[in-house]
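The following blocks contain the structures, represented as structure tokens.
The same subunit A turns up in both complexes below, where it pairs with subunit B and then with subunit C.
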Partner chain A sequence: MLEILIVGAVSSAIYAMLAVGFTLIFGVARILNLAHGTFYALGAYGAYFFTSHLKLPLLAAALLAVGLVALFGIAVERVLIRPMRKSQLATLMITLAVALVVEQVLFLTFGSEYRNVPAFVDAKFTIGGVDVGGARLLALGVGVALIAALWLFIQRTRLGSAILAISQDPVAAQYMGIPSERIFAVVMGISAALAAAAGVLAGPFLTVQPTMWLLPIVKAFAIVVVGGLGSIPGSIVAALMLGYAETIVGYLVSSSWTEIVSVLATLLTLVLRPAGIFGRRAAF
Partner chain B sequence: MKLSAFLAGAACAGAALCCPTQVLAQGKPIRIGVPTAMQLQVGRDTQDAVKMAVDDINAKGGVLGRKLEMVVADETENPETGISAIKKLTADDKVDVLVGGYTSGVTLAQLPHISEAKTIYLNVGSASPATNAKVKTDYDNYKYIFRVGPLNSAHQARQLTEFISRFVKGELGITKIAIVGENAKWVQDLVPLLKKGATEAGADVRATEFFDAQTSDFSPLFSKVKDSGAQYMIVVLSHASSDIFAKQWYDSRFPMPYGGIDVKSMDGDFCDRIGGKSVGEMAVNFAVRAPLTPKTIPFFDEFKKRTGRSPVYTAFGANDAVYIYADAVKRAGSTDASAVIKELEKTSYTGIPGIIEFDDTHDVKPGTPAFKGPALLLAQWREGCKREVVHPKELRTADFVYPAWIKK
Partner chain C sequence: MFRKPIDLAGAAAFVAVMAALPLVFTGNYLIGVLTVSVIYGIWAVTWDFMSGLTGRENFGHSLFIGVGAYTAGFMNTSFGLPGWWSLPAAMAMATLFALAIGLPTLRLKGPYFALAMLSGAAIMQRLMLIFWEHTGGEEGINGLVPLIRSQLGFYYFALAALVAITALLLALARSRWGLVLRAIRGDEAACQASGINATFYKIAALVISAAFAGVGGAMYAHYQLQVSPQLFAVVTSITIITMVYVGGMASIYGPVGGAILLVLLTELLRNFGEWRLMIYSCTLILILFFLPNGLIAPAWRRLKAAMGRGE
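Let's turn to the complex of A and B:
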């Protein structure tokens, strides 16, 4: 029982880090960013590259990777998405194109082999008789801290209020003098950084290879559909639900059934409650 | 520029006319087509191993006075691309023989096209017995198909069962085992055989668990295996999951050793790329750097010298395949497919993993105590990411060592 609690919490934290960024950029800029998983992959590859090729210490490599991915996210928004943001379909296609191009670049640069991101903590911890790897506990801790920090940032700072204002009513916010274009870039940066951080933290106990962007985007998508596209509390709740649902299915049924949970949840939500749990209206 | 090019061309033509015998003796090169998954290590190793054999044979004067030449096509892991690769090599490049293969699904899709092209195919990568079944049932159309390596999955199952009875039960004295496998067709076929064999050998199979190939969290699975009371975990892993499996096994210091078929763990760099976390694991292989035959160690050393990598199983088959084909062509006195096939069927070649002979489905014969054919070796990862053969006992290079956190 305790094992399910801990393992589920780790999965949920990683999912939440992925989903919050994904839902944030949609809620604020109405960008359905299919390249979100790419930021996750680039975070992990960045940490791998800086530690194994440039021999940087892990912390420096991790911070550098997250920072560079944030800049990459901003660049993608400025150069590729902004000119065609009016069309949701075009945004969808261009972000998918980014994801596929990056995947190929990773293939060509690093090959298809699995790569290793070193772990910050390699030790094993025993909590109430349950053995948990240190890297997982760290992912849980940092994940919770980052999401809490984001929450505070949005609720307490001027920039955060501006983000909130745009997500609630973009036209009114613009009349108030909020520079929406700049806010979009900031949000894209934050969203990319969160995904990259998830990649750096999950890299040591998951795999790092060129197609690793796909599964996170499927999960993030499932979570935000269930939670309601654009709603941060919704995506946190849905991340917890999905993380625990998968863990419980894994423990009580079989690990071969876990992957169907997210797909089923997406389907059921779209049929029964298209707006998701916290969504104000159906996004599709 | 144009004039000098013309003069150079004329000089060449003149030289060719002056000494025609030299040109004729050289003949048209024999082309070896290599359809493989080029982006993977199995694919790169196939190419490098073919190249090694080609260079060696050419340095000794070629075959029937003709040089060997390698042409590569990427078959990826996708059947459609696999078919295109075969078509390109047979129709456009007009190769004399094909040496390659990796994923059974791709090979199966390629078979009708290989048969149609009437080109000899020496499989060095895929393990499904189905790829060779038609050689027996429809010989005229499918006689072109041979498997030089690896052992097919039915032979692998039999030898893995032997590992459970002779090593896990016989030597470690462990009877309670768990069988864990990835949810893939060949694994689903293999696990029941394994379970039956293990039970017949007197082992107590406490748990049989399958997991999705996309699984990113093995905690639930490990927990079930632990609760089952098993003391050794037999694995059957092929594609995506090996890295995560080993990492999470180590991270949680899972209290039992594991071993079995773990395709990724056959890679020479597997242990290094997961930060040494597979130390203690035993994975099957078809050859490691040990004196299996007089060719094994020299091949490993030469391969390492040329590429800087340790070869994986496709390399053994690919290298042997080129020599086996060259010998058959020599004996047949031509590259005519039917004549060469007759000679290939008589092959008895001392290769890298053992003596290569083909059965009536053109499949490589497995080794037995009486016949030194390729055997399923279980090699253990050791400190410093080195490998030692632990099973079978006849080929042992070092004794089994428990992972550091397991007290015995």
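Let's turn to the complex of A and C:
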């Protein structure tokens, strides 16, 4: 029972880190970013490359990876997405093409075998008789901290209120003199950095290989549909629901069936309550 | 169906060239490449019928292809049914999957359909690996029986299927049906306001597209004599989408040319083996930026215009 509670919390935290960024860039800039999973993969590969090839200490490697992925996200937004933003389909196409190009680059440079990302903590902790890997607990802690920090940033800073304003009414926000193009770049950077952080933290205990971008996109999509497209509280709640639902199915039925949970949740939500549990747009 | 005799002449010339190629340049290698290009043509034209006409992009066409191929695999090996049963069975299964995804997502506005198709294909690929006891896992299903023993015979069968499917879809696209589908791409709200059940048309278009893609999948399975989870991969869908974009969206005949052109060109780039998918993805990005109308359909239109002036 306690095991379900802890394991579920860890996967929920990683899902939340992925889904919050995915929904944030959609809620603010209306960009559905299929390259979001790519940022996650690049975070994990970045940490792997900087530690094993450049022999950097892990913390420096992790921060460098997250920072570079954030810059990459901003560059993708600037160069590829911005000219296409008027058409949602073109945005989807271009981000999917970016995801595939990066997958191929990773495949050609690192090959298809699994890579090991070192963990910050190798120790195992025992909580109430349950063994939990330190890396998992760290992922949980850092995930919660990062999302809380994002919440504070959006609620308390000037830049945060500008982001919130654009998500509520882009036209009115522009009339108030908010430079929306620049805000989009900032949000893209934040969203990419969150995904990369998830990749760095989950790297040690999940598989790191070139196609790892795909499943996170599927999960993030399911979470965002269940929580309501564009709503961050909704995606946090939905991340908890999906994380726990998968863990419970894994323990009670069989781990083979966990992958079906997200698709079933997506289709059921779309049939029963297409706007998601938190309605259409509630940003934060 | 053909607005001008010149279209008919162009189509006839295309079929004649495709039919004559293996007779002029003999060899099983060329027949194999041509067969694959023709099957990709079927997939591209079915993708274009749904997504090109209605503007609802389908990022998981590989779902229908894989379902068709695995249906063929199970029918042929597990149940030991003759190969020809695979085609209707694949059609039926692909239709079921199209309804399962189309019914909940196509009645909604927004990107739900595009993403649900992507998710559906990704999850099916995972499931084929997870339930490896039944599906053969990474290896897939082997030992399918060929539909037609002679390789040249099968190529002509595939070419005939491509011509028939393209003719049918072109006829549909140029009928009232196609007009409704194009109108949905233009302004869905206006369609609904004028009493057209847009959701029904979108779902019907998806079902038609999926059914023929499934048939293509079954044909591919009986050509390769095996099926693998790789059929469900996103790269399959992206390859097809690139072919449609190269051919020219919503023209129906363009994607056929795009598919054949790209398959033949990548055979020439065989030495770049590993770079093939990279080339596809980069081509797609370049086309999106610089040639949003594609290559083949606009080229054909320009050729026709030039010939018209010459007369």
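What to note about this one:
Operating definition for what follows: the second predicted complex is superposed on the first by the 280 of 284 C-alpha atoms of A that agree within 3 Å, B and C clash if a C-alpha of one lies under 4 Å from a C-alpha of the other, contacts with A are read in each partner's own complex, and residues count from 1 in each chain.
Heads up, the rule we're going with is that a contact is a pair of C-beta atoms (placed from the backbone, for glycine too) under 8 Å apart; a residue touches a chain by one contact, two chains touch by 3 or more.
Here the structure is a predicted model, which means the values were calculated and not measured.
When the two complexes are overlaid on their common chain A, residue A:96 makes contact with subunit C while staying clear of subunit B. When the two structures are aligned on the shared chain, A:54 is found in touch with neither subunit B nor subunit C. In the superposed model, A:2 makes contact with neither subunit B nor subunit C. Of the two partner chains placed by the overlay, only subunit C lies in contact with A:34; subunit B stays clear of it. Applying the stated contact rule after C-alpha superposition, one finds that A:215 touches each of subunit B and subunit C.
In the superposed pair of complexes, A:127 makes contact with neither subunit B nor subunit C. Touch criterion met: A:262 reaches subunit C, while subunit B stays clear of it. In the superposition on chain A, the residues of subunit A contacted by subunit B and by subunit C overlap at 107, 215, 256, 259.
Of all the residues in subunit C, the ones that touch subunit A in their complex are 55, 57, 59, 100-101, 103-105, 108, 110-112, 114-116, 118-120, 122-123, 126-127, 130-131, 234-235, 238, 241, 274-275, 277-278, 280-282, 284-285, 288-289. Those residues of subunit A that touch subunit B in the complex are listed here as 3, 7, 10-11, 107, 111-116, 118-119, 122, 124, 131-136, 204-207, 215, 246-247, 250-251, 254-259. Of all the residues in subunit A, the ones that touch subunit C in their complex are 32, 34, 80, 83-84, 88-90, 92-94, 96-98, 100-101, 104-105, 107-108, 214-215, 217-218, 221-222, 225, 229, 256, 259-260, 262-263, 266-267, 270-271, 274.
Interface residues of subunit B, counted against subunit A in their complex, comprise 39-41, 183, 209-212, 214-221, 223-224, 240, 243-244, 247-248, 251-254, 264, 267, 269, 272-275.
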